[in-house]
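First subunit A sits with subunit B, and in the next complex the same chain sits with subunit C.
Right, the complex of A and B next:
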């Protein structure tokens, strides 16, 4: 008689298999293609829409591209994560998986990793298209400057165009857009472990997203030392404690106009983002582990 | 219900840990020039409910661009007051965009102010026209001053402020100060130190100070020895009765053996 293989409590191979499977499932969804195509269309077509802009076309192009990346990465994460658990429950896949030697922690981690991979791929693709569009426009601007600028001002004009186009300093900003989308996905996963319908999860997640962007105002009302009514202070404290400050991840708008992001600050924001993700995931696991399926 | 309460309790506990971190990070970002945008009720009126929510949700730059495009429409319609409101909101949404401040000032202090003086809808009397013109000049000045508050390292905005004082408001003392500040900042143009000295030379009672600056610039060599600098040096040397032997202007023209490039 041969001994049964020893079962480990945690296996990264099982998590990877789940992540891979989730990624494939999500890629097959029509919503993925719809959102991605729409995002790429907006980024790509901005090269034409900037003709309506009033001065500084490269700036508008950057704002449109980065704005599209921000909204679509969040939307993709939200829609994909909100449907993960309800869908698996509906088609009974969840029970099949958990009947095997797969822990709920591995299941949740695998699912979330799949979503993370999908968002990362989408952001990467959008970044490539964005850089390409900016590059094309930059070349057009350079060609126009070559024809219209005087020899005295040509060097200055070219420098201005190049500094307004895609530069390496945008990469940390794009990484923070990605991190914000991952964080919102984790938050959506946390909600879906409590909620029973994906519509409720989506709506609540959208509200949290909006509140998360004004959380800083509530925090200042609570801790800022201003003359605020006691009831308002309590409400502000509640908002500050429960919701994440998503505004801290919105640095790309300033980077796009030339503000330098020190690497120390980038790592601090990234660290906070990863801390949020870890805590929200562990909270989701605590709830999911005790959930009656 | 128990689960929801447990989640809330855990979230509150996490909140107590994260809040100081968030606050510290927010202050660090503000110190580095991030998160400076101001959303006020005026902006909400300009953007509408949906746009205001979008601006709050991290699409501030996009909304600023939208307002900027609408300001362009107002410009084409020569609706200057509407344009001012739109430019104000756009600059408040994207305060780190130097070009927004620069162009906003330009449209107000040059386009709108000139239209007040001689446009088709100009006021009937010269006094009213001048009053309206000055009002827009001051709006342009405020745009630059606010822009400098948000972008203190911008040499370009200080330079434009100097231009405004020198060419439109004829305050040469303030113009000299603005050019001087512009010259001290990173990426400053080389002509700014000369411009500061030129403006100082036009301020009654500060001729000696101006002469010292011009003379120092002259000493830096050909790169600074421009016709205007030589012209002003000559004028000030005459005015201040500088002994012939100490005159920079004479030295140069004598050594070249040619006609002076300027008329005294």
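Right, the complex of A and C next:
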């Protein structure tokens, strides 16, 4: 018999093995292809829908594309994360894994890392398709301008088209879309450590997603008014602390119209997102570590 | 069993595996576990499953590959190494479960109903494998409701009733009748049996029972279902 190496409290190899396995599991599940295909279809179909819009076609395309990426990356993370723990427990694979020298921390981290890898891959793939579609559309617009624009306005028209096409200022926006999906995925993992069913986890996560998008408005309304009751202010402050303001990650609209995202804001939102991811993961670990399996 | 594997906490007391508290992850270094009715990841092949569990045990590279192939051979699944577990039969799943339990070279093998739902032929194979591991010096902790199988495999038993250990000890000590002896004779004539009875009475013993021994139903099933080896063809004959 070959002797196994001495046990270490934390092993990146074990975490990587779990992450790789989770990624493989999710890639081989048809739901991934379905969602991705749907996202690609939405982006592709936007080429045709812009024919009916009075706005700049490239701006509409960017708007639709980034919006679709935001929704589908979130949905992908939500559906994949919600089933991770319940399925493993139902199939008793969880017992088999934890009966090996694997700590619950490593297990949870490995599983979440697998989902993170999947979401990142999906966003990357959608970005490539999005940039490709935008590039093709840009060429079509340039060709049309060459034919229809007068020599006096051609230079200006071409400049307007190029500035509305895929540019470097889109990348921070896409990164924030990714970060938002990762954050929501970690939140779903936290919920699944206390929930008894995947359906409950999904529904609760959707509700929190909605709260996260409107809580900024509610907070401003409640805290802004002098007549707001103290209890309501405390409640609002509590909600603001527990749930992240997901509206902060929605910079798509500004970027779509060509406004560059200030880097200070980008780093602030990124830092906030990473902070919530860390807090949610540590909370999930504390709950999972004390859970009777 | 779950307490021993650190999956639940004991309400009182503590458990140790080879002197390491089972609450510590380190205690699982020397344990292999096969849960009841395992499913594993059905999208993985047999080989991928063993590679995955091997990595969790700290194995890697060529030794891991060799170990996984060896384990597949040991449990008789070499031909199914590249098939996904979704297409495995119940018996094959149990055998891949045994292989994953053993991939880290454990000193203790914990088996929860290892033959539940498996057909007699598969059950027989699994029992033989467990006996093979036992002969290799691996301590086997078997939990089962199939008492015939427990009797065939185990040296020591513990009887649980409503969550409490009501009997524990060596199997022979618990179920054998020390003042009785069983003889099985072949081709014994009625006069010989009669002589045995007289001899027993003369020596102060008592012949309690006399019956035809029955074949074990499982053995009978295996005898009539397993394919017979083909007889060698006779040369020089044509039809």
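One rule holds for everything that comes next: the second predicted complex is superposed on the first by the 278 of 293 C-alpha atoms of A that agree within 3 Å, B and C clash if a C-alpha of one lies under 4 Å from a C-alpha of the other, contacts with A are read in each partner's own complex, and residues count from 1 in each chain.
Basically, a residue touches a chain if its C-beta (ideal position, glycine included) is under 8 Å from a C-beta of that chain, and two chains touch if they have at least 3 such contacts.
Model, not experiment: these values are computed from the prediction.
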item	value
Which of subunit B and subunit C A:101 touches, first, second, both or neither	second
Touching partner for A:17 - first (subunit B), second (subunit C), both, neither	second
First (subunit B), second (subunit C), both or neither touched by A:93	second
Touched partner set for A:247, first subunit B, second subunit C, both or neither	first
Touched partner set for A:293, first subunit B, second subunit C, both or neither	second
Subunit B or subunit C, by number of subunit A residues touched	B
Subunit C contact footprint on subunit A (complex, rising order)	1-5, 7, 9, 11, 13-14, 17-18, 21, 24-25, 28-29, 91-93, 95-103, 292-293
Complex contacts: residues of subunit B adjacent to subunit A	3-4, 6-8, 10-12, 14-16, 18-19, 21-23, 25-26, 28-29, 32-36, 53, 56-62, 64-65, 68-69, 71-73, 75, 94, 96-99, 103
Partner subunit A, residues of subunit C touching it in the complex	2, 5-9, 25-26, 28-29, 31-41, 43-44, 52-53, 55-60, 63, 67, 97, 100, 104-105, 110
Contacting residues of subunit A [partner subunit B, same complex]	52-56, 59-60, 63-64, 66-67, 70-71, 180, 190, 194, 209-210, 213-216, 219, 223, 240-242, 244-251, 253-254, 256-262, 265, 268-269, 272, 275-276, 279, 283, 286-287, 290-291
